Amino acid sequence: MALLEVEDLNVTIPTPRGTAHILSDVSFALERGECLGFAGESGCGKSITAMAVMGLLPTTAQATGRIRLDGRDLLAMDEAGLCAIRGRRVAMVFQEPMTALNPVKTIGFQVAEGPRLHLKLSKAEAGRRAVAMLRRVGLPPDRFSPDLYPYQLSGGQRQRVMIAAALACEPDILIADEPTTALDVTIQAQILDLISDVVQETGMALVMITHDLGVIAETAERMMVMYAGRIVESGPTAEVFRHMAHPYTRGLFAAIPGGPEEESRRLATIPGQVPEPIALPPGCAFAGRCARTEDDCRAAVPPAEPVGPGHRVRCLHPHVGAT
Amino acid sequence: MASDGASDGASDGAKEGGLGEVAAKALGNRSFVIGGVLTGVLIVVALVSLVWTPYSVIDMDIAGKLRVPSAAHWFGTDQFGRDVFSMMMVGAQNSIAVSLVAVGVGAGFGVPLGALAAARGGWLDETVMRFNDFAFAFPAVLSAVMITALAGPGAVNSIIAIGIFNIPVFARLTRGGALAIWKREFVMAARVAGKNAVRITVEHILPNVASILIVQATIQFALAILAEAGLSYLGLGTQPPQPSWGKMLNEAQTLMFLAPQLAIFPGVAIVLTVLGLNLLGDGLRDVLDPRLRRLR
Amino acid sequence: MSVFLARRLVALFLTLLGASLAVFLILEVLPGDPATVMLGIGAQEDSLAALRAQLGLDRPAWQRYLVWIWGWFQGDLGNSYAYDEPVIKIILERLRVSLPLALMAITLSTAIGLPLGVLAAARRNSLTDVSVMGFVQVGVAIPNFWFAILMILFFSVFLKVMPAGGFAGWDAGVWPAIKSLILPAVALALPQAAILARVTRSSVLEVMREDYVRTARAKGLTFAAALWRHAVRNALIPVVTIMGLQFSFLLAGTIIIENVFYLPGLGRLIFQAIAQRDVIVVKDVVVLLAGAVVLVNFIVDMSYALLDPRLRGGGHGQ
């Protein structure tokens, strides 16, 4: 049994203009200690997937399917059960370090908060743990007192605090939702190295959500490509990079100089409009933008078919052969 | 670069779908409809009272004093035998007149002052704003009491007293809105085209701050009704024999053991009026300018 | 911090100066002669002149202003024309009513408004929320003097459990004195509680959308704990501003409410003093009230620093 199994996850949000289909038939599994990467254009549902696993979907959202952690379905769990899991078994690092920390609480308090809650540590014990965690993420107490406030730190330092807080209870899964997008390029590498180090050290599983395909290539053993709320291609990272089958995945890589082997493989822009979540077409959502579109593409959503070892793709006319 | 900025203009919300769409939106807004109906009823009653009331509000009928409500006298009679319903109708007219003029005074001075401060900037702006701060820190009712008590009680003096404290409200709001618009591209363009500050203010600035001013005016109108009632209650506002709701409440208080019903009707009238105007203001805010919508 | 303090003190001083000038000028410009009021309409011209000289009213305005201000620095606020007593003595006497009244009212409005606002925000769009917003709309629409009359009708005329007005005096015992202040305090507090509830609600709603509240939830805090520990304190910053502003509304409210309940407080004092042209009392009380308003705003500024560490300053890391 995998550590985390997501099966047929569908998330809808009612809006004044109609029901928004945010996630459709999302299924994936995460093994202990595995690193899984999520890529896709802005708005494709990466963050919502993460929030669904955390049990923190918007209150108006409706979710169906199963999200099993050690076999227990989180969607069927009561709030108290979810609170015991959040931060303890599954922890999360967010995109915006500038706003993700409470401006009126010390960084020590914010790192110690989780251990005090979940591990029932005393104030002093939790404080010591916070100092240790801060030291681990590169904020030694001689220069970074736990009594500092977030405004006294830079963006990169704040993201280190976020990581310290996420690691403080030794979770089984760390979800990093674009942890470096808001940071300077030089800082980005440091933060990614830090995450890779602590993941290897503790043996926890990592879900890395990113716009940066270079990050996926470096950190993720398996990867998922999302489009309009669906996983359109998934497989071992090396295999997917070698045999990109979905036209969308190829489109993402196409315009990048030097191809997929190049050091910086950011998502390219593909011409055309992503369909709105309240007006998804009955067939393949990529049909309007895809050069390989044929009539059958518009009839029904393509099923996820295997195209290689562990490699699946939702496309009726996938590319075959090496990238 | 300012293309984003230009699209969130204060008036664009209203322009968006033309007048028809705004009207449809207004009719679908519960606050607007309830507030509009309450305010509408008040205005109609006040207008009717100008030409007709069931009984005279001046003539006394001591024999028929302190009657409880009946078919002849819907709200009963007061200690002089006057018909309370008729007095309330005239009271509505009084409330509206005093508050409307007071808010008019406030806007009449405040808006040009605010527009001027925004257009000129510098020491003038600084002076106007410091004066504003000072006026805000000073309890308005206290000064209103001082003015009316010393200059003599009466409707005109209470208009002045209430109006003075509306000036900084409108000045501040106009200045804030105008400053933002002065920085916009189309104003820059107008300046480059050689239009002077007055013309730009009239053609571009004022139309763009109009919707927030209308909303604020509704709210100030409600506050003015409350202030007028308070002054009249203290005996500093509208003088007898002209009926006013505040004065009626004052008289009712002395008769509380004899005729408690007298203390009810004018108060309910004030509450409904203020409630109606506040709801209308909330509704207008939603309809005219979605960006101003409070979290609800 | 000391620069901050110094700047606030200068502001305090300037506002008091402004207020004293304003009230002096208003009283100067407006008609009404204290001597005539004191001696009555039919008084002899020479006795009027004598009284004016005795009161110092025959001197030029700027001299009278300076004499008055100089008195403040010496702790001498002058003598009331109407009561023939030192103004300071009258004010202290009246404060024994107004100060407890104001404190009760502000405690009450905070105790009602804050929790209601937080509750409504926490249960957004629920029946609780709708009810609180209904209370807010009605609360700001009710004239406080009418609400006072309604309470007198109910508690004094109908139930006969509360005094209809008047002040028992502290000599009559603490409870009777407090009891005569309860209805006035409730009347003063109601509209303020409504405003406070509205501001608190929208402020908490705003803060609840902040990323750091989501972070707190991701750490495993319950909704209530995240709200209480991470949202409320941040949400209090704008609320405290409003509470500071409310103080001046409260002072104004005492003028009407003390009249409704015939309470011998500052509000009623100034109302009567204006009617009696007891100019010296009016001037002193107005400056005192203005000073109180500025002082409260000073306290509000200080409490910002308590609520928000960014305003406290301090060294940067590294």
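Order as written gives the chain letters A, B and C; numbering starts at 1 within each chain.
The rule is short, and it goes like this: a contact is a pair of C-beta atoms (placed from the backbone, for glycine too) under 8 Å apart; a residue touches a chain by one contact, two chains touch by 3 or more.
Keep in mind that what you see is a predicted model, and the values were worked out from it rather than measured.
S.K.: Of all chain pairs, which one counts the most C-beta contacts?
M.R.: B-C
S.K.: Which chain lies the greatest distance away from chain C when centres are computed from Cα atoms alone?
M.R.: A
S.K.: In angstrom, rounded to a whole number, how far apart do the mean CA points of chain B and chain C lie?
M.R.: 24
S.K.: Centroid of chain A to centroid of chain B, CA atoms only: how many Å?
M.R.: That gives a centre separation of 53 Å.
S.K.: Could you please specify the touching residues of chain A with respect to chain C in the complex?
M.R.: 54, 56, 79-80, 83-88, 91-92, 94, 96, 99-105, 110, 113-114, 117-118, 143-145, 148-149, 151-153, 157, 162, 165
S.K.: Mind listing the chain C positions that touch chain A in their complex?
M.R.: 210-212, 214-223, 230, 233-234, 307-310, 314-318
S.K.: List the residues on chain C that touch chain B in their complex, please.
M.R.: Answer in residue numbers: 15, 18-19, 22-23, 26-27, 30-32, 133, 137-138, 140-143, 145-146, 149-150, 152-153, 157, 164, 201-202, 205-206, 245, 248-249, 251-253, 255-256, 259-260, 270-271, 274-275, 282, 286, 289-290, 293-294, 297.
S.K.: Where on chain B is chain C touching in the complex?
M.R.: 134, 136-143, 145-147, 149-152, 222, 226, 229-230, 233-234, 246, 249, 252-253, 256-257, 260, 263, 266-267, 270-272, 274-275, 278-279, 294-296
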